[in-house]
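Reading through the structure tokens given below for one structure.
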Amino acid sequence: MEVLTVLVPYILRGLSITLEVTAVALGLGLFFGSILAILRVYGGDLLSRVLTLFVTLLRALPHILLLLIIYFIIARVVNLSAFWAGSLSLAIISSAYQSEIIRGAIQSVPGGQMMAARSIGMNRIKAIWHVIIPQAFRYAIPPWSNEAAIVIKDSSLVYVLGVPEILRQAQYYSARTYQPLTAYVTVAAIYFLLTFITNRGLDLLERHIRIPT
Amino acid sequence: MPKPEKLIVKIENVHKAYGKEKVLRGISMDINESEVVVLVGPSGTGKSTLLRCINQLTVPDSGKVWVDGVELTNPKTDKDKARQHIGMVFQDFNLFNHLTTLDNIMLGLVHVLGMKKEEAYDKAMLELERVGLANKYGSYPGQLSGGQKQRVAIARSLAMEPIVMLFDEPTSALDPELIGEVLTVMKDLAEGGMTMICVTHEIGFAREVCSRIVFMEHGEIVEQGLPVKMLNNPDMQRTKDFLGKISVLD
Amino acid sequence: MSFIEYMLIALPKIWVGLQITFKISSICLLIGMVIGFPVALARVYGPKWLRWLVSAYVEIFRGTPVLVQLFLIYYGLPQFGITFSAFSSAYLAIGLNSGAYQSEYFRGAIQAIASGQMMAARSIGMTRLQAIRHIIIPQAFRFAIPSWSNEAVSMVKISSIVYLIAIPEMMYVAKMLISKYYNPMPTYILVGLVYLLVIGVLTLLLNEIERRTTIPGLETARRGS
């Protein structure tokens, strides 16, 4: 019983921070990632090469190293809290992966769709907005669901910046009670539930908006 | 040239259902040595299922199947051993993609029949020659045309010295110009006295080569008989309708 | 101290760390393969209870952060008197984690093989086991190479987290250098460049392996991840 009354407050405090970090990282990551993807597909040759190099670099390096590098750069430029700097770093890392997902989705829309949209007099932007994006969005959901689960799990990395998310809370709890296993098993179970719910939810969404064939 | 008749395949009241759908509803059939039986009928009438029930790749729900005097539907029968001598040729070839044509043929000889490698090599080359593809021994399936793939698949079955060969729409996946080379190999086999059961829509092959046409519909045998009779004046109207339709196409 | 001077001091230390990075990632990759391949076979061909059991393993390890798995084993298990050294914990946590992912790659590869291959093998009299051994496994390994290559690269990246339990691999060396010279940026950049170099070379190497094991005529059938 004492386990519950002591552990639960720690976990709840950490959980809300974990969820916030994940939401910021995923949301901003989607925003940056979309811009990156659209520029890579429809921007000029030079721009697309530079951005591809940037994405490749981000994808090649360990996330924890990137987190520390980006955090360090951000800390130099602006005065942000560890929470915001950490979330923003994760968002930038995720944007590289999300841009790949979105780019892949855009490119799986057949080329004829763009041509057909232009042929009825839409301009490029309109064609992208009304024809390409609604289709690409559907292709993107399964891999995006995968990325969402990765970001949930990666949110544990901001632990190294001292952000009091759920893993850090587990550490506080075990330092106080000498029951590390209880703490870490609970934390693992919560992560499992979060990724499970996210994957199932997006799976349902994907089925709901699937284009009938 | 009359031969003493020897029963090779006996099928007795075979039933098979997938869920609620009854694919076979009590099929019985006897096939003698050197007979060439052609199974025809609309798609989805259970012809392929019946073939797979013969070598037990599909297990019937009820009924019995004997091949060369051995009851395959008996749970005590070693089915793997029985299949060694029941050749099967598939619509989509199913050559082992990671092996050369020669290795495709040798695999069964070495690992199933336990033949020595040198012996298996000679045997495999012989079979490749028989289907006219000895020069392709080092090619991978992905490097062959559909007709060549199917001839290798036939050679793979023949190498196991089957007592009966099952053909499951062997030419349906082929471009029209490649069908002939496969049918020629099948015709040679038939003339050599091989017992064959073929699911095919090639009426020309049925007319020239086979000894019996069996017409199936909705999981039942509607009518069977000599090709001359079945193609020219069958007893049942349903047979006439169906064979009339595909003969026109031929 | 110029960047070049600093490099001359730092690189030998980073080299020592890199060797440990290699050791951890290659051992974990190997453990992952030894676990992942049988798990994939069990998941496709096993009896129902076994399929359920291995699915639970795969889903649990894929559904939780590897950092939590590492801490659970290293800090958590001693509560029950089960104590592993830092290195053993790393091998166990990351190896089990990789095993779950690798089993998914192998499973995908097995399922990418047309079902007719199994039927054809059975039709010439092979037993189920013979068919798996001679027909399914050789093809599955080749199909799995592209995604398996990604896993090898992932291992190098993921091994970096073990610095948090004080294993002196590259990130740990970076941390030591920073606390000694207090110059985080040059240190991170240097370590980052070494990672890029290692991962670049590894990728080229794996591409070459992939090219050499391709089955002629079957190029289009290969599946990525």
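Just so it is clear, A, B and C label the chains in written order, and each chain counts residues from 1 on its own.
Convention: contacts are C-beta pairs under 8 Å (C-beta built on N, C-alpha and C of every residue); 3 or more make two chains touch, one makes a residue touch a chain.
A quick note: this is a predicted structure, and the numbers were derived from the prediction, not measured.
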| item | value |
| --- | --- |
| Chain contact graph, described as a line, ring, star, complete graph or other shape | line |
| Chain closest to the middle, measuring from C-alpha centroids that were averaged per chain | C |
| Chain whose Cα centroid lies at the greatest distance from that of subunit A | B |
| Subunit B-subunit C separation of Cα centroids, rounded to whole Å | 46 |
| Euclidean distance of C-alpha centroids - subunit A vs subunit B, Å | 55 |
| Separation of subunit A from subunit C, taking each centre as the mean of its C-alpha atoms, in whole Å | 22 |
| Shared interface positions of subunit B, touching two or more other chains | none |
| Residues of subunit A that touch subunit C when the two form their complex | 57, 60-65, 68-69, 72, 149, 153-154, 156-157, 159-160, 167, 170-171, 174, 178-185, 187-188, 191-192, 195-196 |
| Subunit C to subunit A touching residues, read off their complex | 59-60, 62-69, 71-72, 75-80, 153, 156-158, 160-161, 163-164, 171, 174, 184-185, 188-189, 191-192, 195-196, 199-200 |
| Interface residues, subunit C side, partner subunit B - complex | 114, 116-117, 119-127, 130, 134-135, 138-139, 142, 215-219, 221 |
| Contact footprint of subunit C on subunit B as seen in their complex | 55, 57, 80-88, 90, 92-98, 107-108, 111-112, 139-144, 153, 156-157, 160 |
